[in-house]
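Working notes, structure below.
In this document, chain identifiers A, B, C and D correspond to the written order of the chains, with residue numbering beginning at 1 in each.
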Amino acid sequence: MNSSLPITNPLSATLLISCPDRQGLVAAVTDFIARHNGNILQLDQHVDAQENVFFMRVEWDLSGFKLSREEIDAAFNQVAAPFGMTWEVHFSDQIPRMAVFVSKEAHCLYDILYRHQSGEWRVDIPVIISNHPDLGTLAEKFGIEFRVLPVNKDNKPEVEQAQLEILREKRADLVVLARYMQIVSENFVNHYPNRIINIHHSFLPAFAGAKPYHRAHGRGVKIIGASSHYVTAELDAGPIIEQDIMRVNHRDSVEDLVRKGKDVEKLVLSRAIRYHLNHQVLVYNNKTIIFG
Amino acid sequence: MNSSLPITNPLSATLLISCPDRQGLVAAVTDFIARHNGNILQLDQHVDAQENVFFMRVEWDLSGFKLSREEIDAAFNQVAAPFGMTWEVHFSDQIPRMAVFVSKEAHCLYDILYRHQSGEWRVDIPVIISNHPDLGTLAEKFGIEFRVLPVNKDNKPEVEQAQLEILREKRADLVVLARYMQIVSENFVNHYPNRIINIHHSFLPAFAGAKPYHRAHGRGVKIIGASSHYVTAELDAGPIIEQDIMRVNHRDSVEDLVRKGKDVEKLVLSRAIRYHLNHQVLVYNNKTIIFG
Amino acid sequence: MNSSLPITNPLSATLLISCPDRQGLVAAVTDFIARHNGNILQLDQHVDAQENVFFMRVEWDLSGFKLSREEIDAAFNQVAAPFGMTWEVHFSDQIPRMAVFVSKEAHCLYDILYRHQSGEWRVDIPVIISNHPDLGTLAEKFGIEFRVLPVNKDNKPEVEQAQLEILREKRADLVVLARYMQIVSENFVNHYPNRIINIHHSFLPAFAGAKPYHRAHGRGVKIIGASSHYVTAELDAGPIIEQDIMRVNHRDSVEDLVRKGKDVEKLVLSRAIRYHLNHQVLVYNNKTIIFG
Amino acid sequence: MNSSLPITNPLSATLLISCPDRQGLVAAVTDFIARHNGNILQLDQHVDAQENVFFMRVEWDLSGFKLSREEIDAAFNQVAAPFGMTWEVHFSDQIPRMAVFVSKEAHCLYDILYRHQSGEWRVDIPVIISNHPDLGTLAEKFGIEFRVLPVNKDNKPEVEQAQLEILREKRADLVVLARYMQIVSENFVNHYPNRIINIHHSFLPAFAGAKPYHRAHGRGVKIIGASSHYVTAELDAGPIIEQDIMRVNHRDSVEDLVRKGKDVEKLVLSRAIRYHLNHQVLVYNNKTIIFG
């Protein structure tokens, strides 16, 4: 199975499952697939032994599958119900719609636009939303709608309402905060639970909050990092999807950390987005399981 | 499931399977386990789409399992035969016996002895074999039998016969060449196919053969590496199990590369040994699949 | 000293020196600077003990320096001559002119254009030259002249002449082969010794030449890499400037290696370009010394 | 210069200097060395532009040097005084004396003993001090004196007095806390400022204090780390000397983090010790400058 070439791949379905652990779970799910003539492309499972919870992701070829998409729901519910499974199914020809929030920094947006335009990701980007006009020219170069909604202390609730309205109108499945630099409200988060991805420019939980590179420089760390996570009500405390790091040394000024950090930030954010788009992520207990 | 604490873990069985890919493979195996009351601790599968070959590793709790070890073979054969499966089963209370070959360099042996003695690995080391007496004192400190068999151009076949005799006598399951620095013959290799692990002090396939650090220094590389692989008849060309690297720069002399490289060599070798001891490795087409 | 913010930095001069090692070299150079009222911002030296060669890079603030640029040459020659120094001096307000050669792959060019446009690098890009028209649209988006010179077996010498003519006309100081995918002739190389930077998509010297990811996949490596080097007459054998790597596993197809490799390639190439633009690189014996 | 083979190296002197930055500093120091016939083996300098402080490390060959060790002090003081330099000089044949504090975990001690015994480091280890008897056998194997001083809430001041007495008696230059797991008092620290090296099993400043792996697991990080630092009065807040990291994933239990972390901890601690033994470390503003 090669999930990196979705376009040339066969049409496939991906099931994400979680439930209390017990015997026969994998057998029940794989029997369901085999019984209806599905060939498994990739299967991953995980048991959280501490919490006794079972997680599974299975992707199978739909070519000869005997159930139509519409029938899968009802049929699989008969398998899932006795085990108390929480589950969702995705089809490889459904193209996710991703809204990108930015502010003034271009590096993450650039990276996202490159992966979008080059066909590395199968995703639609219906809109870029910013609180500053700076990146409008870049968005225009790539032919993507750019909406400026300036934020200040007083208008935040109204702006978030307007943002939510745009997201609804654009039918966004996923919101990416690509160095948006604004704290989003709990109300906003609740509209997209585990569907807002942020990049924080530190190795969380170190240096959560403002000016992480300044604080990293002040502390004299030898390594800086970046962390991509789902946004929750608590600042920089949501489930971590991906992290990576870069060595620094005494010669590096704060400005050097900022510059070097950009290369990590964009890579970490783009990997997290990819995991999400490929339905590789399950969230449990404020942590992520990344399959595949 | 936590394979790192085998002693406190429940007694478990691990199946390793490969066969031509087709529908129903995972269902058949997991149904076999569920039917006899086994709870799956960990399951990994992989399909080599190019070669159409299916690989699987599944570990399950034997606590309530209704088949005795003796019955598993016959029972599973009925599952395996229709699919043409090649398979093997391992039980977590079988402690592998590992012979270590060394020469004069101590760093890998040290690392192995630490992991053995600290209980990090569940393994017996019945003998250390060397072509030089240098490391005898170290072996003695850890109470492990040390056998010196000097090798020269003329006596190699006789020495290998003597080595094989010792391995038989000690009932070795696995041979680790911990910087042994001698080429072993095809005949020797054939006695332990995919059961001789070597550490080569380069990032293979770069610098296969003699004096890799000298050649790396001569070429002016910015990164050095180490590679652990199963030994085959062709020098440094067997299936790679694990590799890792370390940054170097223009200040590093050949001696610095040798020193820095040691830290990578021992880590890479020890990780490869761990994968093997945990039955995480499948070999196909001169490549490895590392599960878990 | 913060070489990453050249625009806000004071005007500075950078000396690069190499000569046979002997006593008093650093003293002679730093005395020259101090005597004329220069304050050293950064100093690095290295002695190749094997070859007995001395290398030095020193950057000093020109604010209060008593010699004009024109006078530095003659004055420093009096210091350099007795030691047999080879040397060059660069001033921080001289903006290098970099020509970029591309073919069909966009990722490295994208990365270069981002760093150029964002002001991360102080460089002019007067022209992009390609053997295919594919990346013309991208070049146009960023307002950079794009010249297509199709290459085939028969017209290579003529095309190289035309390329050299463009480089002369554009007064290029540096040529970057950003996945150009064509072998350049010895004659071409001789026009820009140690001034043509290539990115090779393997961890050199492994997999020099064609299709490195296919060969890496065939060999079953656990790590892939990329190498940036100055181009010499021998293919992929020039002085390595920078290398980096990425982990892969048995799940990764050749297409996955290609995709993952792109993220390493562009980072490695951009770091190498930065070292060159900052005058941090000295070449000796087909190896590089990277200062700073 | 190859500082990794100190035994075969020429006898050398190393100067460590810090002072307010101004013109002529490098010239003054290198002129001092050249004037007395010293050949520089390695020179590093750094200017903290924010604080306007100059740092320098220079090592030179003493073979033909015209000053005796006794004369160097007085002679260099004449250079140092006008610039207000803080400085110290070390000679390569002075072998540092390092006391190691341990508790029950063996991995760091093992690693230290290997590097000591193999000759990788030029250091004497006159004593190992522990609050538990567990590692006595290991110390004995390597012929190093082992002293047990049990610590509890009530006897801490007396035990620290006894420890200090042992350190005095053994003429320790350096104290290494190799997973000692006890907080040392400010009074104790004041006896060895910037000469007590600790290893903390987290990527500081994340997870300072107790049970870092449990907290890392709870937070769901994707990378764990280790940090070596000089001990100061504030817990885990001293100047960081070295850090490194390791990837983890959702499969890793707390016990897996503990096991994997050990490999990082011992490497990070040993690198920090090496930097200290080679006089590569300067401390300023609760941060370290690592030269070489």
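The rule we apply is simple: a residue touches a chain if its C-beta (ideal position, glycine included) is under 8 Å from a C-beta of that chain, and two chains touch if they have at least 3 such contacts.
None of these values were measured; they are calculated from a predicted model.
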{"item": "If a chain touches subunit A and subunit B alike, it appears here", "value": "C, D"}
{"item": "Copies subunit D and subunit C - interface residue numbers shared by over half, same or different", "value": "same"}
{"item": "More contacts between chains, B-D or A-D", "value": "A-D"}
{"item": "Farthest chain (mean CA position) relative to subunit B", "value": "C"}
{"item": "Mean-CA-position distance for subunit D and subunit B (Å)", "value": "36"}
{"item": "Intercentroid distance (Cα basis), subunit D paired with subunit A, Å", "value": "42"}
{"item": "Touching two or more other chains - residues of subunit C", "value": "1-2, 49, 251, 253"}
{"item": "Residue numbers on subunit D that touch subunit A, as the complex places them", "value": "46, 49-50, 203-207, 219-223, 225, 239-245, 249-251, 253, 285-290"}
{"item": "Contact set on subunit D toward subunit C in their complex", "value": "1-2, 21-28, 30-31, 33-35, 37-45, 47, 49"}
{"item": "Residues of subunit B that touch subunit D when the two form their complex", "value": "1-2, 4-5, 106-107, 110, 114, 118, 120, 141, 251, 253, 255-256, 259, 263, 267, 292"}
